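For reference, the structures are reproduced in the following blocks.
In the two assemblies presented below, chain A is common to both, partnered first by chain B and then by chain C.
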Partner chain A sequence: MALLEVKDLQVSFDTASGRIFALNGVSFSLERGEVLALLGESGSGKSVTASAIMDLVPNPPGAIDRGSIRFDGTELLKLSRTARRDLCGSRIALIFQDALAALNPVYPVGWQIAEMYRIHGRNPEGGVEKAVIDLLTAIGIPDPERRARQYPHEFSGGMRQRIMIAMAVALEPDVIIADEPTTALDVTIQAQVVDLLATIRKRSDAGMIFITHDLGVVAELADRVAVMYAGRIVETANVFELFEDARHPYSVGLLASQPRLDTDEDELVPIPGSAPNPVALPSGCAFRTRCPRAEALCAEVIPPLETVGPGRQAACHFPVSPA
Partner chain B sequence: MSFTYFLKRAAFAALALAALMTSAFFLVRLTGDPVNLYLPIDASDAARETMRLRLGLDRSLLAQFFDWAWDILRLDFGTSLWHNRPAMDVVLEALPNTLALGAIALALAFAAAIVMGSIAAVNAGGWIDRGVNVLSQAAASVPDFWLGLMGVLLFAVTFRILPTSGFGGPIYWVLPVACLFARPFGTLVQIVRGSMIEALNATFVRTARAKGARDGRITFVHALRNALLPAVTVTGDLAAQFAGGGGVVEVVFGFPGIGKLLIDGILKRDFAIVQASIFAVAVVIFVINILVDMLYASIDPRVRVE
Partner chain C sequence: MNQPLLKVEHLSRHFGSGATAVRAVDDVSFEIARGETLGLVGESGCGKTSLVRTLLKLGPATSGSAVLDGVEITKASGRELHELRRKMQVVFQDPYQSLNPRLRVDRLISEPWSLHPDAVPKARWREETVKLLESVGLRAEHADRYPSEFSGGQRQRLGIARALTLDPTLLVCDEPVSALDVSVQAQVVNLLARLRRERNLAMLFVAHDLAVVRHVSDRVMVMYLGKIIETGPKQSIFSAPAHPYTQALMSAVPTPDPRLRGHRKRIVLEGDLPSPANPPSGCRFRTRCWKATSICAEQEPGLTARTAAPGLLTACHHANAEAAY
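Now for the complex of A and B:
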């Protein structure tokens, strides 16, 4: 049984210009000890997926219309609000993108990490204070006793992101969702944060969902990748398979449009057009208007996510043939 | 807040106070000659001259000013014409009444506004929010003299449960406090509601949810402290206004505060009382501003001055 299994998840939002379907039947699963990258451009539904798992979809205007999220055998969407709150933080934790906005500006960082223990009534050995200092030491914050008493604005961007990470891993959750944790950081700091996450995943058997649009980070950290486009998963594959042998035309385009060091091709090929307006998605396959392989069938039938090889799936009528 | 910072503030305050007291000196003398007010209409010119001489009003305005300034520097505010006692003594009897009245009304308004504003923000758009909105708009808009007179009519004249005016036990405080309470309450509810809605939509509130915090903790621990700053600023401004006396409310209820003393002082051309009142109120406002700054820094670490 998968640690986390999302099936046919549909999330929509009421907006001034009509009902927007942010997720149109998203399905994926996450195993213990696995890092799954959710890859896609902004607006593809990566963060909404994280929000749905964490019960953070604002209602109204948002609503989970159908689908299932099973965590460790329990259907989350059938749990009460309080039962889900109890899981959040303790068993499923979220690392936010912008740590400056995500940390409360008026409380010391040590207090905010300690709050994790307090909310869930945990009494770590040696006391909460010691646990916080140990965590800060573990994530590489120098002088942790003094730094614990400081406020978020007194830290650099990279340090703040480390504190977000310390908070998320404090109670040793089973699932860690990292929502673009490196996007707001300098490249050198990004590498440090990725290293820290890699260390954490080696030490624990937690499953990690890594949300990003950065292929470099995916290559470094992920075991498996789920590529998202317009609220759907269009391809899932082992990370090596995706880089070597992507099947969905969107994945192929995405790989061709980003610079890579492991190939000699020095020309970047952008995907023509832009991401579709979520209020008026194209009929059939949402990618067909930008797809070089599209045919008449693509406008009529939404391609289902089908197995195209051992452990890999693609949602395309005319997938790119194996290399 | 460092000591040098405090000294800097105090120096600026002293300059402002000097300018204020100078204007007060000249402005109060524009109200007219006290001698004409205090002596009977048929008093002899000799009697008038004697009184002028006694009050030092015979000398040139400039000479009077320098004498007066020298006295002020030694914190001698002169003698009240009407009370025939040192003016500052009279002022210091009235000032605590005003400060207590203002503090009680503001503290109640602040506390009530935090609760009502937060409840409205949590239920933004719902019927509770709309009810709170109507109530707070009404409270913020109703003129205090009208509220005072209606209060007297209802509770003192019709029901006869509260005194119309005067001073004494706690019962004499009910109507003045209620009148002063209304406007700050209404204003603060609107401000708390607005800043609470903003705070509740902030990313750090999402973080608190993701950490598993319950709604009460999210509202009152995470959002409220961030939403307090605007309310504290406005409360500080209102406190500074109230330090100058409950104005109309003190007059309506015959409440012996600094506002009533000041108005009476102007009417009676009691220069010493007017000047001493202005001085005392200015010092109180300075202290209030310092307190607000300190409160600010204690609520939000980002504004702490190094």
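Now for the complex of A and C:
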């Protein structure tokens, strides 16, 4: 049994310009000890997927219309609100993108980390204070006793992101969801945070969902990748297969449009056009308007996510043939 | 005549004064030739934006000079500044904030012509607007729409079209693609490359994405805490960087190739950027540098040729291409 299993998840939002379907039947699973990257561009539904798992979809205007999220055998969408809240933070934890916005500016960071233990009624061995100091040490904050008493604004962006990570791992969760945790950071700081996440992942057998648009970070950290486009998963594959032999034309296009640091390319190969308006998605396959392989069928039938090889799936009527 | 288009000498931009001044740009010198693209990289707080703003005369220089096509930017005012702005245009990072949402595209594009009436006669505004829109990959009918009707990539195309209205010789691009998705970013990068060829534009291309900078630039300049710490032709700087900071910066960029995971030498820097109000003595990078010795605290290293890499200038006492990633 998978640690986390999401099936046919549909999430929509009411907006001034109509109902937007942010997720249109998203299914994936996460195993223990695995890092699954959710890769996609803005508006593809990556963060909404995280919100749905964490019960953070604002209702109204948002609603989970259908689908299932099973965690360790329990259906999360049928749990009471309190039971769900108990799970979130302790067994499933979220690392937010914007640490400055996610931390409370008027409490010291040590107090905020300690809140994890207080709210979930935990009494770590040696006391909460010691646990907080140990955590700060583990995530590489120098002088942790003093730093624990400081406020978020007294930390740099990279340090704040480390503190978010400390809060997320405090109760040793089974699932860690990291929502673009390095996007707002400079490359040298990003490298530090990626290293920290890699260490955490080696030390525990938690499953990690890593949400990002950065192909480089995916290549460094992920075991498996689910590529999202317009609220759907269009391809899943292990990380090596995806980079060497992508099947969905969108994945292929995404890889080709990225400039490389280690080679000179004559001209980049962009994907034409831009992501579709979520209020008026194209009929059939949402990618067809930008797809070089699109045919008449693509406008009529939504391609289902089908197995295209051992352990890999693609949602395309005319997938790219194996390399 | 081989005069550079832009010649910057000992330019500084300080905020505040005395001992507590933040030295955002500190004694910076460089040149850009006609038709050349100079990439400027560095992390947040290194002074990229302050440098750009000083060059665009959006803020005063504290000292030093910057000469564009024979005109001193730092001293220009009135008529002279008006003419200068025509030669030097800017593409901003955020295409959502840099376009007035209440102006229709035809007004947005033709506004610079109303300020420079001799540029394009009013009777030809529409025709020229359409030409410009088409040259950036938009269509004639887009002239009658408002910015809100465009996607991020299209807005950046509008921003570029607007920057080109007065046919500038220097285009300053301040993080022009960092707000865009990867698939769209490539479209805008290709567009800038084409326009540059067609119009013989010189560009100062500021970005934190090193791969994008490598793709567009002829030469690259690396800034750290208000100083240029390394500069040179892109071949030299990307294949044989000699400054430890440049090496660390490049090694930190994640490579989109999972097979290289764990096989690449990664230099992970300790700590954060020191405060520019109180920079370290001597070499400003020494507090995070693994090669630092006592000389680094005592003497500020000059930007000179220190390795065999052609054209590469490095400000480091221990410059060494060997340690490249």
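Convention: the second predicted complex is superposed on the first by the 315 of 323 C-alpha atoms of A that agree within 3 Å, B and C clash if a C-alpha of one lies under 4 Å from a C-alpha of the other, contacts with A are read in each partner's own complex, and residues count from 1 in each chain.
Just so we're on the same page, a residue touches a chain if its C-beta (ideal position, glycine included) is under 8 Å from a C-beta of that chain, and two chains touch if they have at least 3 such contacts.
In this text, all values refer to a predicted model and were calculated from it rather than measured experimentally.
Engineer: Using the superposition on chain A, tell me whether chain B and chain C clash or fit.
Structural biologist: Taken together on chain A, chain C would fit alongside chain B, as the superposition shows.
Engineer: Scan A:Ser274 for contacts with chain B and chain C and give back first, second, both or neither.
Structural biologist: The second partner, chain C, only.
Engineer: On the A-aligned overlay, A:Pro292 touches which partner chain: chain B = first, chain C = second, or both, or neither?
Structural biologist: Neither partner.
Engineer: Scan A:Leu87 for contacts with chain B and chain C and give back first, second, both or neither.
Structural biologist: First partner only, chain B.
Engineer: Contact-wise, after the overlay, does A:Ala101 reach chain B, chain C, both or neither (first, second, both, neither)?
Structural biologist: first
Engineer: Would you mind checking which one, chain B or chain C, touches more residues on chain A?
Structural biologist: The partner making contact with more of chain A's residues is C.
Engineer: With both complexes superposed on chain A, which partner does A:Leu215 reach: first (chain B), second (chain C), both or neither?
Structural biologist: Only chain C is touched by A:Leu215; chain B is not.
Engineer: In degrees, to the nearest 10, note the angle that opens at the C-alpha centre of chain A toward the centres of chain B and chain C.
Structural biologist: 80
Engineer: Looking at the overlay, what does A:Gly18 touch: chain B (first), chain C (second), both, or neither?
Structural biologist: Neither: A:Gly18 stays clear of chain B and chain C.
Engineer: Taking the superposed arrangement, what is the smallest distance in Å from a C-alpha atom of chain B to one of chain C?
Structural biologist: For chain B and chain C in the superposition, the minimum C-alpha gap reads 15 Å.
Engineer: Need the overlap of the two footprints on chain A, from chain B and from chain C, as residue ranges.
Structural biologist: Chain A residues touching both partners: none found.
Engineer: So in the complex, the part of chain B that touches chain A is made up of which residues?
Structural biologist: 202-204, 206-214, 217, 222, 225-226, 299-302
Engineer: Taking the complex as given, what residues does chain A use to touch chain B?
Structural biologist: The contact residues of chain A facing chain B are 54-56, 82, 85-90, 93-94, 96, 98, 101-108, 115-116, 119-120, 151, 153, 167.
Engineer: Show which residues of chain C lie in contact with chain A when the two form their complex.
Structural biologist: Counting only chain C, the residues touching chain A are 43-44, 151-154, 181-187, 189-190, 193, 208, 210-212, 214-215, 238, 248-261, 266, 268-269, 272-273.
Engineer: Show me the residue ranges of chain A that touch chain C in the complex, using the header's touch definition.
Structural biologist: Result: residues 41-42, 156-159, 186-192, 194-195, 213-220, 222, 239-240, 243, 253-255, 257-262, 264-265, 267-272, 274-275 of chain A touch chain C.
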